[in-house]
Each structure stands twice: as C-alpha cells, then as structure tokens.
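In what comes next, chain A is part of two complexes: it sits with chain B in the first one and with chain C in the second one.
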Partner chain A sequence: MSKLLEVRGISKYYVHKDGWLPGKRVCALEPTSFTLGRGETLSIMGETGSGKSTIAKIIAGAERPSQGEIFINGQSLNLMSDQQRCRHVRMIFQDSLRSLNPQTTVGKQLCEPLIFNTELTPRQQKERVHNTLRKVGLLPDHYDFYPHMLSSGQQQRVCIARAIVLEPQIIVADEAFAALDPSIRAQIINLMLDLQQDMGISFIFVSHSTEIVKHVSDKILIMHRGKMIEFGTTQALIQQSEEPLTRALLCSDYNYKVPLNSTTKE
Partner chain B sequence: MQNTKIYFQQREPSPLRQIALHMNANPFAVAAAYFLAFAMLMMLLSPLITPFNPDEQFANAILQPPSWHESGEIRFLFGTDDLGRDLLSRIIAGSVYSLGYPLIAVFFAAVIGISIGAWAGMSRGVQSSTLNHLLDVILSIPSLLLALVIIAILGPSLLNVMFAITLVLIPQFIHSVHNAIYDERHKEYVTASRLNGVNRWYMLTRVIFPNITSAVVMQTTFALSTAILDIAALGFLGLGVQAPAPEWGTMLARSLDQVYVSPWMMVLPGLALFLTILSINILGDSVRAAIAERVRNA
Partner chain C sequence: MSAILDIRNLSIELETDNGLVRVLDRFNLQLSEGEIHTLVGESGSGKSLLAKAILGFINPRWKITADRLWWRHYDLLSLSPAQRRLVTGRDMAMIFQDPGSHLDPNEKVGAQLQESIPSGALKGIYLKRRADRKTRAERLLHRVGIKDTDDVMERYPHELSEGLAQKISIAMAIAHNPKLLIADEPTTAMEPSTRAQIYRLLAKLSASQGMSILMVTQDLTAVVPESQRMSMIYCGQLMETGPTQQLMAEPYHPYTDAMLSMSLFNQDLPPKTRLPTLKGAIPTLQHMPIGCRLGPRCPYARRACIHQPPLEKRQQQQFACHYPLRDDPDHE
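Right, the complex of A and B next:
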C-alpha cells in the first residue's frame, strides 16, 4: 500500500515565559514518527494531556511543529502555505459551534475554501456546497442558516461538510464526537465511514472512546505524556499488547492503575 | 408565480436581526432612535425648514417669549433672542454645527482609527504594539484640554476644533478595534478559516469584522457623544464656532447675560443639546445590552 502520509520526527515544545528571564521549555510532544496509507483510518488514543491533540493540530496545520517534517505523497508540508496544505489535509474541530463563524451563514462559510482553492464560478460554488450539504445529510435549505440555528449534530455535520468540500486526502478529527449523544454519534460515524468508502479519504481520529476506535480504525497510536508508546494495527494491539496502558485504554475490563512515572516500561 | 410560502415556518432571526428585535423591546431605545432620526433629518433639511434666516434680526420683536407664553407670538414659535433673531430657526440651523460637525469628526476618526487598529490587530509582535500605542500620549490628556492646547497654538476656529477632536478620538478607536480583533483572533473559527486558506484581507473583512461590529458601534456612539459635548463646550468658551453662527454651545454662552430676563434663550438650546446627547448614549447603551443579551441566549 502506498504511503499517503509520512510523519518524521515531529515534536512540539512550548516556551513558558515568565518576566524577563529566559522561559522554561515545556515538552508537549516528543519526536514522533509514523506512516499512514491511502484510505486507512488511524486512531490516536491516550490520556488527557498526552499530546494527542497536538499531533492532530500539527498534521492539520493549526500549529507548527518545533522539529520534524510531514510528507504527503512525498511532498513536504512544512514548505506549503495554508492554502496549499488545505487541499490535502482538512480538520474537524472538537467544538463544532466554536469552530463556525457565528455571524456568517453556513453556506458562505462552506464557500470560503472554494473561493480560495478552486476556479469555480459563484454559481458552481453554490451548487457544490448544496451537493456537499446533501452528502452529509443536510438540506440545501441549510445554506442560509446561521450556525446557532442548527442543533449540535447538524453543526457537526456542517463541520464535516467543510472538511470534505475540497475533497481532501486526509481528514483529521480532533475528538469530534465527544460532545454528541450516542445516536447522533453513531449517525455521524456511519456518515464518515460512508464518505471514506466513496471518496477514499484517510482519517485520523483523536478519540477517548474504545468502541469507536475498535469499530473504525485500521491502526492505533497510543500516546502517553507526549510520547508515542505503541503503534500498530488494531487487531494486533487488541490481541497482544505489551503495554499495560494500551490494554487499559482498549479493554476497559482490564484492571489497571495508571502509572505516575513518565513511561510505562520502567 | 409559484407561491413557496405555503406552510408556516418559524425562522430563527439572523444575529443582526436579533439585536434589532432586542432593541425594539426596549421603549427607551426606540424613543432615542426616533429622536436621533428626527434630529438627523432636521439637520439635513435645515436650510429648507427654518422659518426665518437664522441671522435675520427683527427690531420690533426683541426678547419675544416663546409662543406658549401669554405675550408670545405664534410667528416666533420658540421666541427670539436679545437681537431679535428667531430662536427656532437658530436651533434648527445650529444642529448642523452641533450634530453635523461632530458626525464628520467621528467619521474621520473612525476611518483612521479603525484602519490603524485593524492593522495592529492583524499583525503581531513589535509592529502590533507600535501601532497600538502610536497615539497613546494623546490619551493622557483630557480631550477638552487637548483641544484647548491645539486651539491655543492654531487659533480659535471651527476647523481647528474639528482637527483637535478628530485627533483625540483616534486612539480610542485604535484601542477598541485592536482589542476586539485580538480577542477574536485566537478563537477556533478564525483558525478554521485560516486552514481554509483565506488571505489576510478576507480574514479581516469577512471573517473577523462581522464579529466585532458591536464593539465598533459602541465605540462610535461613545465618540459621537464626546464630540458633540466637546464642540458645544468649546463653543460655550468662545474658542470653537464663532459668535454669529448659531451653534448650541455658543447660544448658551450668549444667553448667560439675560438668563433671568429670558430663560428660554438658555433652556431651549440646552434642551436640544441634552436630548441629543442623552439619546445617543441611550442608543449606545441599549446596543450593548442587546448584544450582551444575544450572547447570553446563544
């Protein structure tokens, strides 16, 4: 299988500056490498603050890595502008309402990426947005709605529509389902799996939920305190994992105490 | 033609419409808006609707009381002043000086201040800081005092007053716009738009600006009431608009000598000034309240 995405040693440090003294470096993500093939789904799991959102944001371009490079089809993403990047990678944010502009209609927001990344005429843009809205189970009528008029599930669908309207190769979803109730969550996951089948998109999910991860992912990446502690296929990790943390995350019946030291293999 | 409105459909109003609905629910805001609209209309039509020329002197009708007084005349609805000039005409014509000129000053201050503030808000680091604090020295002096200083240097005239007031209002616009943009810039929807690949101009005008209109409107109403008050105060002191011109503050100053003989000469222009500033402040305040209400309900 061809490698769509290759992540080579990305890391993220924050500098906490306090007054005039040189700041203290805080590590959010230690150098991490992995690859992802076309049409595959990768789940990133881990505890709160383990750096999984940081990976997602770096891949999507919301944050810049301190080191390391990301390649898509062999091209380096670090050299690309946001405009070039968004044709390959799109992101779905955790809080759908906050990631939508409250003063602009849904339709105009969905047209936004089309204005800057395609040569479509305004009429074609509108048509494409209508089609995309239909794809995610909304109506063309929702074009003129403002985000606050929609329910949270519909808002999430708008965010998905925004991610797929440019037909990217990779979609990064940062805990996109955490705030939804189970039935809508199931709907939206099925929707995303359908889209994956239709359009051959690779997904990167950041998730807490074992059920979702087991259901959708081909590969799983486990994070702990800014380090990648395990990376492998879902099958392998569920059946024979060496890390107690992995088993704790994937098999909730496994009785396990979260280690307080920095890595689990000590 | 096909009738598409067959079913009753409850539409939730758009954000701006919601603010308008909140404002409509507040009777004071509605009254203030109507009064202000009336004052603006009066100002625009002032050359046409004044009953007499505001500078025309009627030698046989000096210090005529208003028409509702026993010795008043219906010819001079608000009475006449000590030179026999019709007070109603002077108040109507005075709205150009007391409302129109502040509007122009605020317009220029807003255009300059919002541009610099937006530039400061969209840039980062030293550039942002420099632009933001460009005119901060002006903020250390009260606006009226600064206007006095400028007039002391350039001499009393309406143009200098306008220049002084515009200069005083600019840094406030810069700060409020810069702060509003800075608050918005770190929200998720702005990141989402950046990942849409939009350019900076689109980001500023279409993505961020609709979300800071409330801050801009509030700042504008605040600036407008300051400007009206300052121009009237300088006119009152004899440093702004010069005597024969029917500016409300100048009229107040002139009426001081005869305040016991003819109180209407002071009360009527004062009332016009008071109502104008009050309605602008009420309008600004209710816009703010309406926005707060909408944010709370969202």
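Right, the complex of A and C next:
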C-alpha cells in the first residue's frame, strides 16, 4: 500500500515561563514517527495527558510541531500554505454542537471552507454542499436549518460533512464518538466506514473505547506520557503484544492492575 | 431476599407548554440489600430523573405518582418533606457524572470532606471533636484507596485528576455509611484504567459494607461483572430487567439485543463491517410515540406495538415486548 501520510520525528515542547527567569520546558510529545496508507484507519490510544490529542492536533495543523516534519504523498506539509494543507487534512471535534456556529445555517457553514479554499462559483458551491449533505445521510433541505434544530446524531453528521466537503485524504477525529449515545454512535461509525470505502479516506481516531478501536482500525498507536509505546496492526497488537499498558487498554481486563502514573497530576 | 427499595409503577410527568409529558412511564425496580443494580439507558430515557425521584430532589413542576415507592418500611411519597429529608439524608447518597465540577472550587478537598462527616457521629468535646473529624476523614480516604491523605486533603479540586476527584466524591458519599448509593454515570468520559479503578472500588464497598448501589449508565460497556441485576430503559419505559449475566447472554427484548450488538459486545463481527443499528433518532420529549416507545425504531415492530405491552416474566427475566426474541413457537 502506498504511503499517504508519513510522520517523521514530530515532537512538541511547551515552555512554562514564570517571571523573568528562563522557563521550564515541558515535553508533551517526544519525537514520534509513523506512516499511514491510503484508506487505512489509525487509532491513537492512551491515558489522559499521554499526548494523543497533541499528535492529532499537529497532524490537523491546529498546532505546530517543535521539531519534525509531516509528509503527505511525499510532500512536506511545512512547505504548504494553510489553504493547500486543509484540502488534505480535516478535523472533527468531540462536541458537535459546540463546534458549529449557532448563528449561521448549516448550508452557510458548509460553504465557508469552499469560499476560503476553492475557486468555485456560488452555484457550484451550493451544488457541492447538497451532494455532501446527501453523502452523510442528510437531505439538501437541511441546507437552511440552524444547528439547534438538528438532533445530536444529525449535528455530528454535519460536522462530518464539513470535514469531507473539501474532499480531503485524511480526517482526524478527536474523541468524535465519546459524547454520542450508543445507537447514534453505531450509525456514525457505519457512516464513516461507508465514506472510507467510497472516497478512500484515511482516518485518524483518538479514542479510548476499546471495542470501537478494535472494530474500525487497521493500525493502533499506543501513547504513554508523551512517548509512543507501540505501533502496529490491530491484529498483532491484540494477539501478541507484551506491553502491559497495551494489554490493559485493548483487553480492558478489570482485574488487571495498570501501572498507573496518571492518578495524580504533577 | 426482600427488597429494600421497592418501586412499582412510578411515573413522572413534566408540565410543558403542550401539557403534561410523561418522561418516566410506570417504572418498576426492586433492589435488595448489598446488590448492585445497573440501569442502562440512552440520553433522554429518564434515568437521571428516576435517581432524583428516589432521592427527592424534586422540582415542584414535576408530578410524581407511584403505586409503591418504598424505602425499607418508609413510604417515601407519604412522608412529609422534613421526614423524607431525614430518611434520605441518613440512608442514601449520590455521586455524579463530572466529579471535578461539583466539588467546591474555593475550598480545599480536606475541608469539604470533613464537612460531609455527620457531626452526630463525632466523639469528645470541642478540640477533640475536630481531631476526631480529621481522623475520620483520613480513614475515609484510606477506604477509597488513597494513601497519601495529607497531600490530597491540602489540594483544591482543580489540582486533582478526574479519577482522584471521583474517589473523593465517593468518600464524601460514604461518609455517613449510606445503605443506598446512587451513582449517576460515575465514569463517562474517563479513561478505561481509571474507570476500572472506580468500578472495582464501588464493587468492593458494596461487598464489604452491604451497601446497595444503583449504577446509572449510558453504555453497556460500563456494566461491571459484579452487578447482579440490570435494567434497560428507553424513553422512560422499562424494556427489560433481569440478572446481568443472563440478560447479556439471552436478551428477550429487541432493544437489549440491539444495544448489545451496537456496543460490540460478545460479537464476532469481522473488523470494518457495518454495525447493526437502530434506525432513526431518539425522539424528543414533545414527540413521544404512543404505545411502545421503541416502536418506530424497532426492526420487529408490528401493529400491536401501538399499545404498550405489559411486563412479562420468564424465569428471572422480565420484559415488555409483544414479540420477544427467541420465543418458543407454542407461545404466541
């Protein structure tokens, strides 16, 4: 399989500055590298503060890495403008209602990425939005709806529509399933699987639901305190992993004592 | 074993602009001493309202009717508010979903914990009482598995991780040795490892103190192995109830079955295949369907489903469905 995304040694440091003294460097993410093929799904798992959201944000472009580079189809993302970049990578957030603007209609919100990043005429934009709405299981009529008029499942669908309206190759979803009800969640997972098949999108999920991760992902990346502990195919990690943390996360054994460092925050 | 909490046909109605809306429809629940009962329901199923109705956090606009709402030998509905408060305060406690946000951010954890210890239980006079209060608070923290008590008591809630904060709120809840603990989604949005810790702790408390726990949750993955019985609730109607293991293995109700397969439980689905789902969305309060409220989403719904099915009992399982799954052919 061709390499769609290649991450080479990205890391993230934050500097906590206190007064005039030179600040303390806090490491959120140590140098990490991995690759992802077209149409594959990668799940990032780990505890709170393990740096899994940091990876997601860096790939989506919401944060800049302190070091390292990201390549998409062999092209470095550092050399791209934001406009080019967002046609490759898009992001979905956890709370769908809060990530939508309550004052604008669904249609206008979906048009916005097209206005900023493409040179489509208004008519073409509208057509594209209608098609996208149909793809995510909504109706073109929803164009004129405001977000609060939709149910939570439909709001999440709008968020997915906003992500795929630019036809990206990678979608990063940061805990996109956590806030949904089980029956709605299953519908959204089905939708994502369908989109992956139809459009060949690669997904990067940040999640801590073992069952979902096992079901949807091709590869799993396990993080612990800013370090990548393991990276491999789902099958291999479930069956052969030796790491206690991996076993605890994937096999979620209630009697298993996790080597917990995250109980108290530093 | 006789039930210490006995609820028969409890209904809660809310006053809205469009008249009364029944959010909890003739709900039944029996809880024995030392039992863990898991209540599973999606959002809008009225599970939190039920918890509030048991505890008596009641808004005057709600209309609560029940054939029985008994706690041990008290009929909770006929008690005066003062008496009821006395009973609930002595025997029951509740922990909430987001532990970090319901602790007081202005006060140290130790002070909040000491405040929750009933003053009637303390011994000695003035200074001795204060010392006693402190040792009791430390003992409580030990009981919920926190070893470094001095450090934790000096912290403010925002300095705690969510697992630790939830443990503190459990410690506050068990300060007066309640007989019933209601846990309203205690672990949503928590890490699996923290989640497992909290569940282990609750199960241990229930076993060692004979405390009954009503665990309210949204997700079947949160059902602990120690839970003896569970109930499925959908839009305020009881769908199915029974012993946990039996219910998970052989559900009669289509809703239980769908929830099990949607949560990817005991499933041998090949990876990356479509999940079985219930079509449509959860109805809003104003637009509840008549009869069985699962009706419009149920794959097996037929004409009879516009009338609410009665609760049927088979072995230890009870369910409300006209067309149950794995039905023997002579039973029609």
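To be clear about the criterion, the second predicted complex is superposed on the first by the 257 of 266 C-alpha atoms of A that agree within 3 Å, B and C clash if a C-alpha of one lies under 4 Å from a C-alpha of the other, contacts with A are read in each partner's own complex, and residues count from 1 in each chain.
Keep in mind that, in the parts below, contacts are C-beta pairs under 8 Å (C-beta built on N, C-alpha and C of every residue); 3 or more make two chains touch, one makes a residue touch a chain.
All of these numbers come straight from a predicted model, not from anything done at the bench.
K.L.:
Clash or fit: what happens to chain B and chain C when chain A is overlaid?
P.N.:
Here chain B and chain C can both sit on chain A without a clash.
K.L.:
Which partner does A:Ala236 contact after superposing on A: first (chain B), second (chain C), both, neither?
P.N.:
In the superposed model, A:Ala236 contacts neither chain B nor chain C.
K.L.:
After superposition on the shared chain, which partner residues are touched by A:Arg90: those of chain B (first), chain C (second), both, or neither?
P.N.:
A:Arg90 contacts chain B only, not chain C.
K.L.:
In degrees, to the nearest 10, note the angle that opens at the C-alpha centre of chain A toward the centres of chain B and chain C.
P.N.:
Rounded to the nearest ten degrees, it is 80.
K.L.:
Does the superposition put A:Pro113 against chain B (first), chain C (second), both, or neither?
P.N.:
Touch status of A:Pro113: first partner only.
K.L.:
Quick one: is A:Ile184 in contact with chain B, with chain C, with both, or with neither? Answer first, second, both or neither.
P.N.:
In the superposition, A:Ile184 contacts chain C only.
K.L.:
On the A-aligned overlay, A:Thr210 touches which partner chain: chain B = first, chain C = second, or both, or neither?
P.N.:
second
K.L.:
Between chain B and chain C, which one contacts more residues of chain A in the superposed model?
P.N.:
Comparing touch counts on chain A for chain B and chain C gives C.
K.L.:
Regarding the shared-chain residue A:Glu47, is it in contact with chain B (first), chain C (second), both, or neither?
P.N.:
Once the two structures are laid over each other on A, A:Glu47 reaches chain C alone.
K.L.:
Which partner does A:Gln103 contact after superposing on A: first (chain B), second (chain C), both, neither?
P.N.:
first
K.L.:
Compute the least Cα distance separating chain B from chain C in the superposition and give it as a whole number of Å.
P.N.:
12
K.L.:
Which of the residues in chain A come into contact with chain C in the complex?
P.N.:
41, 47-48, 151-154, 178-179, 181-187, 189-190, 193-194, 208-212, 214-218, 234, 248-249, 252, 254, 256, 258, 260, 262-265
K.L.:
For chain C, which residues count as touching chain A in their complex?
P.N.:
It comes out as residues 42-43, 148, 159-164, 189, 191-194, 196-197, 199-200, 218-221, 224-225, 258-259, 262-265, 269, 271-278, 281-282, 284, 297.
K.L.:
Could you pull out which chain A residues touch chain B in their complex?
P.N.:
60-62, 81-87, 90-91, 93, 95, 98-105, 112-113, 115-117, 146, 148-149, 162
K.L.:
Enumerate the contact residues on chain B facing chain A in the complex.
P.N.:
12, 14-15, 187-189, 191-199, 202, 206-207, 210-211, 213, 298
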